[in-house]
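Before we start, here is the structure in question, set down as structure tokens.
Per-chain residue numbering starts at 1, and chain names A, B, C, D and E are given in the order in which the chains are listed.
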């Protein structure tokens, strides 16, 4: 389904989703981030990319698996599977959209993650194509995506100035459009031509090149023991920005949070974790298979461009560029790949 | 005015004479318009050094890293390290010396005076550009074009600006400096590095942009409930990526008391010690746990924070972390006449006292 | 998070206070209150520590995190410290802790410090009673309490 | 949707054996499922054990799959969770989920000689294989078990070894000379070289401290064992056990799913990240 | 290790059980992790109670014990000793105070029980992380210091040397002897004060084991029981006592006259002077404040006339450091200032005297050579009024306490007066007569019966000068009438207060004072001569008003405590000391700066604790941002566990 939505009708459409929690980008504290759209507030889709990725909607920073307590000395476990309202997220950039199926893979393969899926099944992603890259660090096209990629999105919107072109990609997306059908207009030939042109133009902007992805995987495989890694990580401070902001980083930790040591009450909680933290892989004995920053940088890059490819036949990275832009010390995954490729 | 060639020559000279094993400085990076840290080890690399209002990092962090590397290395290279240091960076080195983290002879401080200006706050710039990215950031002289490769002489008013080109829109705009300079620079009390082996640039006193502790004082002015509303929101937004801690040269503890991603485990560490590690707060990124983390960090930096503002700069969600630290530095200064990093011989703030310390708050 | 002063009934609310008492003065002072049979609120549970100077800011944050409505730290009067200067160190440190907690908007009445000598049993009782009354007005501490 | 993969089943400790003493003490726990919701497992698989309030730890299942009444775990006191296990007493409840990981391809080894080489607590992961092989004794050729400990009092499953001697060759060793010790004195790899089991038609299965494994494999190769004839298990820090939390990977493999059992031939193809 | 913790909850008869449901506390705790034994008992400190502790430990193989009872100051040692008998390390037994801090201060049973539960539970959590510790053996310096050389200090010093100990005797004044030196006769025997004191003073000067340091003050102290280091500052010794021949050529030439302390201001002395004729050390001394000669341009007369060259104006104060094992503080008393007694004309009329001044008037060595006469006109007073409780027993205006000796010395004064002025009349205003003591009551009776002293029960409201007389306006409550006496002299039995330097020495030595400023004993009944600081003992009137025999016996008692203490080869130092967690320490030295005992130094870049110097105060813990230091058995983990237990 393809429709035209005039700018001023956006709100009308959103209002038809009244049984849903609607999120859209908002500019606050000098950063764009997804925020709850309250009734009667404007939705501003002039955003660059949000600082946090859309992954938090299915993989929140804190997920309680279950509560535990002791009753008559016996542990009683109460699972806390989430039961969220249907959630619609507007303004999802295609790179984030492409992250979603990659995460789906992780949380589905071998063992299905019920917490992830409880949220995922209720989530509708309304994408917004990028008419031009908003950052010099965008490289979606270098990893097989595009500024108007539909993968992972339920709806793709394209900004045509005074109006949006809206395309229902999945059944879920179409259904969301159906609900607001009165807000939409039909797509004229001129509209179609303009959309195609906008898409074409958006693809024409230069992006950070990576080159042949297979060759990169091979180069990574070959350079596992290369001293390059230590060199490239020389200024890495080992923080978690790159992975926490990444739309496809999914590593987590599980901990017991005690509420009362006396009653034995507590919660088993999943939190985001980060391959850049030293204790991430450290054995209790103190032995650490990835004990230095170089090996941890390698893990991050290899995961995106080698291991994920080996396991799932596609790059995990979707080229959003957050890890580059937000790195406090200028570590640049594209430059890293370039150096590895040249070595 | 700082001529970057002088810095390059000096760095090259140190390396050439073998007085240092490396020089920590800034170079242009691939990731953004902002300079990135670099460690140069040979004369030829000196040419890549830059100096401009995008040299944000406090490189003293890498002195700490060097120290940690030496500690685990079987063949540590103990030669001194050269470091390009702004006023705040040199204070950081001062605190590290005060705390015996290394010795004065381990470091050659290539001081660079900010000449009464400062560095650009990327987040302020981003706010100006509503999230768009700057592709080029330089100092402008009275609205004219920038001086390539260097900074303008210290101006005496706030009229000078920052030239900014926005990515995707290559026209240059000039933004008044005071609107995009980092808060710490606006409030800076000592823009020239007092601790140094050489200083480039004029020792211009800190320019009167904002009074010291201006931002903290502003924050204090809010009502209690407003203050909590503000900080609750911030603590709630925290991702617990620990970038603030990772970037702080004073957060050099082998293991963080509050939320450790760096367990100190040796062969001699008993199971009991590991089992009994205190969890003052949980890893969950929620308000209460993040509050414990940030408050602990603030109190542990009391009298140690030298206001380089790195914690605030790196925060991906832009929590004004610097406020917590400057609040305490303000108290230290006003109530205890203590300034972090000013005297490497003094006993630190919390391990000293005066009879006339405030007492009236105690029942 | 709701505004506690609106949602609680002051009458039913029993504040929970963790009271860190130095062994030599304040704990002895509270002993004296006991010996003198001075009645005071039972809301403060004492933890005896060697000296107010041994208080780590972590204790305070931890107590609030675990749900304390108030934290009291009590030591010897200036000049009377059994360990000579521990209370001076405590005073400086806890001044900063107090300032910080106020800065982020924790209700200022929730953190309290007092000097109570071994001879001041009555003062100890007063300090506790006053604290309890002030906390009753504030209601439960939700700002730093762990959300578990 | 099927099971909640993160929700443990409740287990009850029904037996505790103190295997070794000291700072790194080892205790063996027998755990049964009071709610009759137990699971089957294969040799080499692991389970995620919980002490509620302390956390989880991945522990290899040390009992034979043929034993259905309980599962056995030998746990070295190392950190928070394992210390909690060491403080536990019979009747205490734990959490248990699994089984996780792959298994030793015992069926593929029919008719072959089996050489087990274990050291320290590393006996636990291969113990179920030994037990199963003994139970199916006629399916295999010669079975030899090498096992070494620091001292004779550090030998695990001491009583079981006595029984084992009836059907297989047992070669025990202690690291340092000891009065009254009749077995071999010296490290396990040296004992292996000393006894020099023939490689023909044999499979070697080894587990123990990393340094021991390294020399055992060197020595096995010197004895003529091919990489495909050598099996070992590896361990990494694990949290989820189900290939999602991202930390136990060795190259592309999450050890919790693809491991812990590897032939040396397979392991050589993976990077050294364990 | 499996935790096997035992809990006893004491009823303390009804003391605890009346407000705390002790059964419930014990039952609830029995459910806690690691608690394998939990019972209540009526009197834990009784013999069967202690036996129960021992049995519980043995029967249950306990590795931790909590006794929930009274304050640890009372029975911690009792139960730790019992634990040792049960083969449980003493330091693995902890006390939960549910009496003073709970049962006695609350009424509501439910509330008090809940709080008792929390207190006990916190102790359980703490003890579960206690380490077994052994006291640290510390070598002992067999040398004592006595501060203040009045009769208490002199007696203590001599007793100590009798036991073979070396003694440093520190006295602020130029001579030893203190207030007793100023007395004429002593009650109730009326023997001459100087006659009984002087021989002791001479013994001090001749005793080679005593290092006498007059005109000296304790400046600072460090260390701990058995091993104090004391810095003593001695004023500049302008007159060399070795050279001084006591020729008294110097005083006549001295142009400066100042009030004579020895005569309580009734006479003057020169800047260069000998405190009194039999001063010990026997030497002239130069009053630094009064002397003009310290600026030789102005004066230098005494140096000129001193043939032996004993005078040297260039002498500087000296500070010596002494190693001391134990200390006796006997800094004595001062009389409550006359200036406070405005209503009695104190400090205003020359013929209104305090007790010590009257002693000087009576004394043969005094200004009047033992003749009682009015300072104003040197006439013999024919009517004299003594006012007792002057400044004592008056909590509203003056001192709340009874100064204890005034009744006796006033009776003595009246008697002495009658002996000197047989035709005079002595009146004594009193509130009560307190004459407990051997021969005391008889002495008072004698003064009334034999010497005709008129005792008037009642207070004096005012004393004022009228026609050269002192009109005393009083009341005789027994007769129920007002009394007016025109007296020639009024003697106020001023209250005793701790001597001026007592507050300072208490601060320097870190020993407590009571609400009245007297040095505080560790326990009013059971430890009357011990201060709260180990190794520091108290003697004489600095601890509370007392007479000479009492002072001498307390001095002996303090000395015997010191002798007992220093008779050991080693002292046991508390093992609850700081311990550095090496891997976490970065050597920032914050703890070094914070430690009040200089117990921490940097060794190989890491903090290192001298366990003997460490007192376990935890100042280091409070400042270490890395949590790299802990006090054993009060670790941060334990505090954390206690907080959790309380908040759970």
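As a convention for this text, contacts are C-beta pairs under 8 Å (C-beta built on N, C-alpha and C of every residue); 3 or more make two chains touch, one makes a residue touch a chain.
What you see is a predicted model; the values in this text were computed from it and never measured.
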item	value
Joint neighbours of chain B and chain A, given as chain labels	C, D, E
Partner chains that chain C and chain E have in common	A, B
Distance-to-centre winner among chains (Cα means, whole assembly as reference)	C
Reference chain B; chain at largest CA-centroid distance	E
Chain separated most widely from chain A, comparing mean CA positions	E
Pair joined by more contacting C-beta pairs (B-D or A-D)	A-D
Chain B and chain C, separation of their C-alpha mean positions in angstrom	35
Distance from chain E to chain B - Cα centre to Cα centre, in angstrom	55
Approximate Å spacing (C-alpha centroids) for the pair chain D, chain E	70
Touching two or more other chains - residues of chain B	257, 266, 269, 274, 278, 280, 282, 286, 300, 350-352
Numbers and ranges of chain A residues touching at least 2 other chains	253, 255, 257-258, 261, 266, 280, 282, 284-285
Sites on chain D at which at least two other chains make contact	54, 78-79, 82, 86
Chain pairs that touch, as defined at the top of this document	A-B, A-C, A-D, A-E, B-C, B-D, B-E, C-E, D-E
Chain B to chain D touching residues, read off their complex	270-272, 274-275, 277
Residues on chain A engaged by chain D in the complex (per definition of touch)	65-66, 68, 70, 73-75, 77, 79, 81, 106-107, 109-115, 117, 224-225, 250-256, 258, 261, 264, 266, 268, 270, 273, 275, 280-285, 287, 289-290, 295, 299, 302-303, 306-307, 310-311
For the chain B and chain E complex, residues of the former touching the latter	99-101, 252-255, 257, 264, 266, 269, 276, 278, 280, 300, 304, 347-348, 350-352
Sites on chain E touched by chain A in the complex	32-33, 121, 125, 641, 644-645, 648
Interfacial residue positions of chain A with respect to chain E in the complex	258, 260-263
